[in-house]
Amino acid sequence: MSDRSVAVYPASFDPITNGHLDLITRSTRLFERVVVAVGKNVAKSGLFSLEERIDMISGAVADLDRVEIDVIDGLLVDYVREKGAHVVIRGLRVLADFEYEFEMAMMNSHMNPDFETVYLMTSARWFFVSSSRLREIASFGADVSEFVPKLVAQKMKEKFARS
Amino acid sequence: MSDRSVAVYPASFDPITNGHLDLITRSTRLFERVVVAVGKNVAKSGLFSLEERIDMISGAVADLDRVEIDVIDGLLVDYVREKGAHVVIRGLRVLADFEYEFEMAMMNSHMNPDFETVYLMTSARWFFVSSSRLREIASFGADVSEFVPKLVAQKMKEKFARS
Amino acid sequence: MSDRSVAVYPASFDPITNGHLDLITRSTRLFERVVVAVGKNVAKSGLFSLEERIDMISGAVADLDRVEIDVIDGLLVDYVREKGAHVVIRGLRVLADFEYEFEMAMMNSHMNPDFETVYLMTSARWFFVSSSRLREIASFGADVSEFVPKLVAQKMKEKFARS
Amino acid sequence: MSDRSVAVYPASFDPITNGHLDLITRSTRLFERVVVAVGKNVAKSGLFSLEERIDMISGAVADLDRVEIDVIDGLLVDYVREKGAHVVIRGLRVLADFEYEFEMAMMNSHMNPDFETVYLMTSARWFFVSSSRLREIASFGADVSEFVPKLVAQKMKEKFARS
Amino acid sequence: MSDRSVAVYPASFDPITNGHLDLITRSTRLFERVVVAVGKNVAKSGLFSLEERIDMISGAVADLDRVEIDVIDGLLVDYVREKGAHVVIRGLRVLADFEYEFEMAMMNSHMNPDFETVYLMTSARWFFVSSSRLREIASFGADVSEFVPKLVAQKMKEKFARS
Amino acid sequence: MSDRSVAVYPASFDPITNGHLDLITRSTRLFERVVVAVGKNVAKSGLFSLEERIDMISGAVADLDRVEIDVIDGLLVDYVREKGAHVVIRGLRVLADFEYEFEMAMMNSHMNPDFETVYLMTSARWFFVSSSRLREIASFGADVSEFVPKLVAQKMKEKFARS
């Protein structure tokens, strides 16, 4: 079973939310090792630099064993192969995610038939929380501390105070 | 990790399709043991008896190691607990599945916070194949051998010849 | 091109609505002949007999040339082949139709690669009108004359007066 | 503004859930009087009699002012007119509700242009809770006390103990 | 009930369409005062300046009593609180709106539990009309006078003649 | 029937995929002439110039009779009228397409009641393939030769080698 026990969780984490953290935590109960793979480039509407995003994840997963943080820059199927992994974890939050995820799962299993994507439903408590929505409301001065790890709430406040 | 390596795949399997079989096969690569849990009661539009459904599954998974067939009669959370398992596998075929699955995942994790549902996307090749659609077209005399294991195609032909 | 100019429009027409009629009319502009194929059996919640449904369609399409009414009892792919047709017309009203239609289109083109389903969007004016919703509200005494041909409105009134 | 301050909330309430109760409570803040209109007939999969359903609602809304419980037997537009009301409240839980609600809103405003349906989103806390799902899991012996008023949890336990 | 009778209708109105106007009109029948809150900033694909958008709304609602036009620049929950209002009105046009609206409703009621969003379905007649689609087709020279107030049609023609 | 036998298939074809090609092929069986109408301007995320896109289509449809390639620059309804056509072909791939297509179909039939849009479901084999997804994964070095005509695969490789 060896390398089936390594799972890669790729996202842009801009920033990491309580929803992401919940998924990472649950994944550590399913797999022996979970690689949090931070996308190097983010959308134009991106807020935090790669370094900042990694810092915030590091703080958030400090208490979790068997979690590794890494940077992904290129094709997911290639990255997973290099890591010696076969399993990718994705969260499903809303219907709008579903079709994109379906297309990507089909594409990826075409490019590597040995590649498997495993989906977890985002917890009811966090399903309406997305990084993009948080960036949007935080830019208007909203307090997002209920939806993100402590460090992230502080960083977001600083970010928008400065800007 | 122990019991995290046992996954339960509950469905009515009326009858088992190539889509189900594909999911079982892929699950054996993710978990050490996969329990195919056949629902005792099926919908009013059901076709095969519990015994027939189990027979067809047995034939279909004969070449797969580490697969167990069992009957589930009651609440899924209770069954999973009794089995000493924590993980349930479900296939996502179409958007229409999504909301039902989301509701059930939320319900189940409320009833047992330690309960985890893992979703796999049905393969592109079989995503438009469902047991109910097959029962429908087979009842009009369609040949469904392309979509189901050999034994099932034969049984369906018999069923509708007799009826 | 010959037989490509014959299109089959299968539905249960229980009863025919203005939405159906609109689709038939538009189809006659796309194809040389349109076969309105009435499903022999309808759902348990059915209202009108096969004869009644055909009568109402006859009345509604009386002014349309090149429309034929027929009964379909069996597999659609078989029926279409017997008719020497290759094209099936379906209306898309709502998202909920979409996935069922997608599955059926895939199934049918698997069973007969030469089979083509052509979809038309239901007109904005009638997109919220379905036979089942009309049966539901008419059973509570609603006047549905705005949504169906004249004859149908009258028949529905009689039906529910009697019952 | 007078009769615009009366809102009718029609549903089958089989049984009333915490989601329903949340909606009734929020509606009393929007309208001067809220009529909880219990559908006389329920689906074949119904569980409680009209009397039982009304009893459970009565218990649940005992602390709420300006809430009236009534029975609706017929067309909603007619009922609303008789009540001298113009506003109907509906909860939106999931996408699957959306299209049905859209069709009904269109139908109703066609039948009475002065009729207005107002939608509230079900609270995040209860959005995955529906009466039908609760009946389903309670029938397998699940404890649903987290999702329904106290009295309802007790009645459901009795119902399934007896059956 | 006092401040429950003030409802805020926030949107970018770039430009106001017949769909918006229909919603404003219906809202004045539900609430004593309706504040049309024009978002200060619009998307990059925006067409009209804040002043132009306000002018066109003013013209369109001239015949409606109890409608106020205001500018919103910041977080909606903050704006609503400052206005002494509790109710926000939103139109639901298509399924694609639904999940965004659900997320925002959850977010907003988390940030202010006393905040209520009320949804109205866009009328059948206008449900396929959106400001962004109109900007798109008008930019290709389409006449949009059927879908917008007279003044808006004229302004759009000027805008695209000049550009 | 004359001009009903000319169908316009408008898209940006950036680049043409096997899914597009499948639709063009099937359309030639339904209509006497199929005009592949290439949109002059593409989204900001566009990859190929108009000339490159036309070249690739030319190569791909070389074996198909009765297919014409043209450029569309303006309103679709205007273009179709100038061509003396009445029928537009569109592919439906995923639910996400559906609402956009519905809106456009309604808009277009409002602007020209004689305008008809005909939808075909993308083949099961290609339904998860879109130009935008291919551009995305090819930019990361993925081999897309399985999803596009030979010439296109080569051009995409060159494009991303150069960039």
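A, B, C, D, E and F label the chains in the order they appear, each numbered from 1.
By definition in this document, a contact is a pair of C-beta atoms (placed from the backbone, for glycine too) under 8 Å apart; a residue touches a chain by one contact, two chains touch by 3 or more.
Quick caveat: nothing in here was measured; it's all calculated off a predicted structure.
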Exercise. Please give the intersection of the contact partners of chain A with those of chain F.
Key: B, E
Quiz item: Tell me, which chains sit next to both chain D and chain E?
Solution: A, C
Quiz item: Which pair wins on C-beta contacts, A-E or C-F?
Solution: C-F
Exercise. Please flag the chain sitting at the greatest distance from chain F, going by CA centroids.
Key: D
Self-check item: Separation of chain D from chain F, taking each centre as the mean of its C-alpha atoms, in whole Å
Solution: 47
Quiz item: Measuring from the mean C-alpha position of chain C to the mean C-alpha position of chain E, what distance in angstrom results?
Solution: 38
Exercise. Could you put a whole-Å number on the gap between the CA centroids of chain B and chain C?
Key: 34
Quiz item: Which residue numbers or ranges of chain B touch two or more of the other chains?
Solution: 95-96, 99, 102, 106, 110, 124, 128
Quiz item: Which chains touch which?
Solution: A-B, A-D, A-E, A-F, B-C, B-D, B-F, C-D, C-E, C-F, D-E, E-F
Quiz item: Can you list the residues on chain F that touch chain B in the complex?
Solution: 95, 124-125, 127-128
Exercise. Please name which positions on chain E make contact with chain D in the complex.
Key: 1, 4-5, 26, 29-30, 32, 86-87, 92, 95, 98-99, 101-102, 105-106, 109-110, 116-121, 123-124
Quiz item: Touching chain B in the complex: which residues of chain D?
Solution: 94-96, 128-130, 133, 137, 140-143, 146
Quiz item: For the complex, which residues does chain F have touching chain E?
Solution: 74-75, 77-78, 96, 99, 102-104, 106-107, 110-111
